[in-house]
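Both complexes below contain chain A, partnered by chain B and then by chain C.
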Partner chain A sequence: MSAKELKGFPRDTALTQDSLPQGIRPGGAQVITDETDRKTLAAVFDRLIPADEYGPSATQAGCLEFLDNQLAGDYGDGKVLYLDKPLHPKNEEAIMKAPQFLATPRERYATGVKALEAYAQKTDGKAFADLSAERIDEILTGLEAGKIDLGGDVDGQAFFELMLQNAREGYLADPLYGGNKGMAGWKMIGFPGARYDYRPYIDRRGEDLGLIPVSLIPED
Partner chain B sequence: MMKIRQKADVVICGLGWAGSIMAEELTRAGLNVIAIERGAWRDTSTDFPPAIDPDELRWHTRREMLQPMSVETTTFRNNTGQNAAPVRNWSAYQFGWNVGGAGTHWAGMSWRFTPWDFEVYTRTVERYGKERAKGMQLQDWGVTYAEMEPFYDRFERIAGTSGYAGNIKGEKRKGGNVFEGPRSRDYPTPALKDTHWMSKYRQTVEKMGYNPFTVPAGNLSQAYVNPLGVSMGPCTYCGFCDFHGCGNFSKSSPQACILPTLMRRPNFTVLTETEVLQVVKHDDGQTAKGVKFITKEGEVGFQPADVVCITAYQMDNVRLMLLSGIGQPYDPATGKGTTGRNYNYQTCSSVSGFFAGEKMNPFIGGGALAVQIDDFNGDNFDHSDVDFIGGAGIMGFSTNGRPIQNMNGLRPGTKRWGTEWKKGYARDYQEAGTIFCQGTSMPSQGSYLDLDPTYKDRHGQPLLRVTFDWNRNDQKMARYVTDKAVKIMKEVGGTDISVDNQAESSWNPYKQHSSHTIGGAVMGKDPSTSALNTHLQSWDVKNVFVVGASAFPNNGGYNPTLTVGALAVKAARAIAEQYVKNPGKLVGA
Partner chain C sequence: MANRKSIIKGIVAVVVIGGIGAGVWAWNTLNTSRSAVADDTTPLSKVTITDQAAIKHGAYVMRLGDCAACHTAGKGDFAGGYKIATPFGTLVSSNITPDTKTGIGNMTERDFFNAVRQGIGSHGLLYPAMPFTAYSKFTDKDMHDLWAYFSTIKPVENKVDENAGMSFPYNIRLAMAGWDMLFFKNKGFTPDPSKSAEWNRGKYIVDGGGHCAACHSPRNFLGGQKGGEYLFGGNLGEWHAPDITSNPHTGIGASSVADLMQYLQTGTDGVAVAGGDMAEAVEHSTQYFTEADLKAVATYLKSVPASKGQARKPLTFDAKTQQAGELAYEVNCSACHGLKGEGIKGLAPAFAGNHALLSDDANNLIHAMLKGTRAAHTAKVQTAAGMPSFAWKMDDKQIAGVLNYVRNTWGNGAVAIKAEDVAKLREDLKARDKMHSGK
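On to the complex of A and B.
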């Protein structure tokens, strides 16, 4: 679309491809194509959101496909971020009370996943994906607390936050984006999904409304 | 060669709420108006019909309707001793980015400020003495609530605001906000309904002797036709409201309320995806001759006009003034200069509690759906025994139950991952209730806006630099009202109470919940302390009018937009009724 001079109410306002959400791209992984990387991330995600009585695990719910799809698009590109130099890491972190990056989410995953694998090889002598659940939890807990140094340019704590954010987004976003399969995340908490009219329910007090969740795409 | 367009009577820079209202007034008065908007055209049926609007990831998490930081961001520091850093990611600064501005995706809380807010200096000194004003840069707005009333009324009619008046011409009405300034008439549409949480909150505060009322909302309670002939539908409490558009034509927005009529007027044109770079002055520096702009394709052009209205949102209003040399930049060391002066924020806190075994059904919500008490807002209570001024509205709200946004809203101490998180979220999603305190904020000498010496936007122009931290008055006020909110939460029966008082630690943009930044180009009667006169006309460049929350010298305990809209009506009428007949300073000084 070009810069436009509009006079009169635009008549060409029909829904176009541009207006529609960019759902999951068919055809498998676009970004996380390396087998070891996939396994490492799957291992992390399934400890962040394990399979249990509350629902399927992150990967069972499609969160890895969700992440890959997000990383392949504008989010992965950091399209909205301000990435101009200079970056003075210490000063920026002190002022913003959080680390700041010039790397895009896609780049941060690329270095972060490799660093996790290297860490496992160094400390445990095996692949991250082959570690026990307890050991992975221990590493994740250490990362979350900022107590594990992943070396290089990787801020372990910030990378943990990024993975946690994306895993849970995948579990709770509309299934259109590849995660939340069967609306498992919504069923877990009782969120009825992409409904748009609660007028029949607003006067009801503290009841379980028993609403079946719906998503933006039909199931099949 | 720069493309020079045909001259217009008025050029409007930024077509959000302020710009649309001014364009409506000015075109109705017969003037030829061109609006320049850097975002794209946005339309309910194309961009957010119910078939694609309930999409939290796209609209709230990824904020697809907001202006990206890669287009323009700000830099920030707490004080002049620090080197400001750029705000690289989503934060408290949430700029509009399309025709309709932030009014497309706002929540709709539709407040008038109190009479006290407009005369904060005079009334504080009168009631508590000069000593109480110390340490703050308090100043009156130069207009009173009574003068603003007809303009507020106009905005509410256009917006279709829902509510129940608590004070009509001095007659107090229980069930409305008995502390509000006198209104000439009731709201155009009735108040919204209560959710379960709101009714619990309402009953409790009523029992405690307070005066609860439904927050006035730009979420309409019923079908409505506004004075411009535009039809709106009833809100369906969909809960995909703030950060989202409204697929039902129920949320007051320029799209729903103004543009359908404005666009059909032959004397109105809008250039979309075109950014104003600067206001260009005549050689004498007394007047502007128009604005320089750049299109999406990178073509630079010039729009000549007799009057320039800067309506680019609070931050960009100040930035455009600084980039264009309008007014003297403020110097925090001497307190001299007015462009950038009295930058300010809003002092907020929230208190969450849990109700074992209850079903709150939090997904039933509206952007402005809330019950509030104003017993501790503004100067509604006697401050003789406390050492601060101002206060906050304390509300129980039901704005949304969006699952990603609420995923950390669990009982304190619950792990954020693993089975413990899943179990916690499965339990707590339904059982949480939150009370929000939205407080006043007072200016101080060290908080201001200027141009950043290092960082630039995509066109190579300097970013705006924000220097801000809470002052002691704001901190004390926040502590006081947050305590009240905790007492209320206990009284409602909430357990596992957690408190987030934002003024307890130094300000930083990633931690805040309110996008209500104000000031920087404030209005007033004294040109040595205000950038604009009471018609929002620049004291220095007389055909430039700057409209937005940038004009507020202090922040009320309320969301800003109704006051922005009312000021837009006021400024537009001054242009149409006075300035064009006799172009000069509308107020002497």
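On to the complex of A and C.
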């Protein structure tokens, strides 16, 4: 074994910037900055996850901040999506068994939120955020079932799915990404968080382990 | 690999020679008559040595002295360029290949003896970052063979300006004469006839080639080794070289000769694991020691008079601190270091019964938390398991908290680490800050 071979590994194991999680950036909203847009999305999110005896609402848990932060970064850019035009759009949808988009998530939110507000103004004559909980549920149910046309290029059903997915993610992702404040989502479902190792508990079946959830970047 | 070595504070101190009165003193220090046994005619680049036994033994002497660790930095073996941070600026290790333009190709054997054993180099006096104070113990035979070995090294052209990064007046090599007069004993190794040959061999390696005291003995403000505190442990700024006296609480007194041999050969004795600069010393040097030499070193170290370090009483924590420590340990540390601090044999250090982590100076633990570290990679234990950095997920108080828990659980006891201690090292090491928690 020569000295050269022995030098073949990194001594410093500090993480590089690329391998660190990209948490919430301080400084407030960067993408969803329009007040009406914020109110519309908040109204949707808080009907998807309302406050109740089990925990706070989606916006109380920070889901809007989570969404804004995600839309401002790689997720909003659609970095993991194939965004070049398909040769035969109908074929692509048939093969993928889901609607396909050339727009990035950031662009889909920009058009989708405006379309929701326009829909409320047209059908109810007032802002989406001012509708009753029952009426919002009615519209969301209609969107989910594909029975409401939001007009333009907006696929109402797909936009509903996108908002539902992002609200869930915001509620259950690590607090470092801006949602799940106070680990409310984890406490609600009994998830013990970012622990490395569960070997001490593996044999304790059926017991309430009373584990405290732990964030990847604990506050104290 | 981090291409630098930090050096004990004050190691390069300047003492101006005080007039003629120092003359006799200077004569003793700078007297090179010991080198008269060496040839002074043929330069290294022209030397032809065919004595294979001498070359082979010379290679072993190189391992004892660990020349490779500091004189190799990616430009070829022994081509120099390794950066050594000192409080007085950055030193760069010299090119010691037989290249005539940039290396030591023009040195004669006598020049070589002067440089290695007395710190008198071809460009002037050497800085004591080069452990010539220890190498002065090398026997003539070991030196002849080391010379033979260096005659077989491939010349590499790599120009190094060793002291360009040193600030005035430390960039003046002649200033080292004063330091030498105070701290350099121009004397070879004298065996103690009342001790065994094994013990004497051990002392020869520890005090000579092994230059253990260079890191493991504390230094005074001028960078000289403190008298009466031999191998009591030293602060290297970013790392701490622990007490290796026979003290059973803070030193190696509780380890057996076999444990010490295993540690030096593999980088771990099954409890402690070498990291930081010691991992390098094990990789480049001690893993190559023969069984007989390992035994000699261990036997000698076991006889070194104990430091004054006492066992510390475990700190007691209030309920909240105790719970926080338990949780942080379980969540972040237990997977590798064990729920009961038992570690993973040969991979991750145990915390229970590991004296090395209980020093008053906790720099090693703080350093490992902030920057991560790696175990030694040796022929017998090859995994070189890595400790990741926790700088991004814990603040100074959290790191101090979990370390205090580790140092005061499972029968351990140690002085409290303060958040300020972590903050200071975080700054010195340029470790990243804790990330935003999303609160």
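As a working rule, the second predicted complex is superposed on the first by the 202 of 220 C-alpha atoms of A that agree within 3 Å, B and C clash if a C-alpha of one lies under 4 Å from a C-alpha of the other, contacts with A are read in each partner's own complex, and residues count from 1 in each chain.
By our rule, a contact is a pair of C-beta atoms (placed from the backbone, for glycine too) under 8 Å apart; a residue touches a chain by one contact, two chains touch by 3 or more.
Please read all numbers here as calculations on a predicted model, not as lab measurements.
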| item | value |
| --- | --- |
| First (chain B), second (chain C), both or neither touched by A:N91 | first |
| Larger contact residue set on chain A - chain B or chain C | B |
| Contacts of A:L15 with chain B and chain C, given as first, second, both or neither | both |
| Partner chain(s) touched by A:I212 [first = chain B, second = chain C, both, neither] | second |
| Which of chain B and chain C A:G23 touches, first, second, both or neither | second |
| Partner chain(s) touched by A:P56 [first = chain B, second = chain C, both, neither] | neither |
| Which of chain B and chain C A:Y177 touches, first, second, both or neither | both |
| Chain B versus chain C as contact partner of A:G112, first or second or both or neither | neither |
| Partner chain(s) touched by A:Y201 [first = chain B, second = chain C, both, neither] | first |
| Residues of chain A that lie at the interface with chain B and also at the interface with chain C | 1-4, 6-7, 9-10, 13-15, 20-21, 174, 176-177, 194-197, 199, 216 |
| Residue numbers on chain A that touch chain B, as the complex places them | 1-10, 13-16, 19-21, 47-50, 52, 54-55, 74-75, 79-84, 86, 88, 91-92, 95-98, 100-101, 137, 140, 144, 164, 167-169, 172-174, 176-177, 185-186, 188-199, 201-209, 216 |
| List of chain C residues in touch with chain A within their complex | 1-2, 68, 72, 74, 77, 279, 283-284, 324, 327-328, 330-332, 334-335, 339, 370-374, 377, 379, 384, 386-389, 391-394, 397-398, 431-432, 434-439 |
| Chain A residues touching chain C - in the complex, by the definition given at the top | 1-4, 6-7, 9-15, 20-21, 23-26, 62, 174-179, 181, 194-197, 199-200, 212, 214-220 |
| In the complex with chain A, residue positions of chain B that touch it | 40-41, 43, 45-47, 49-58, 61-63, 68-70, 73, 76-78, 82-90, 193-196, 199, 234, 236-240, 247-248, 259-260, 263-264, 266, 268-274, 295-297, 299, 358-361, 363-364, 401, 403-404, 407, 416-419, 421-423, 425-426, 429-430, 454-456, 508-511 |
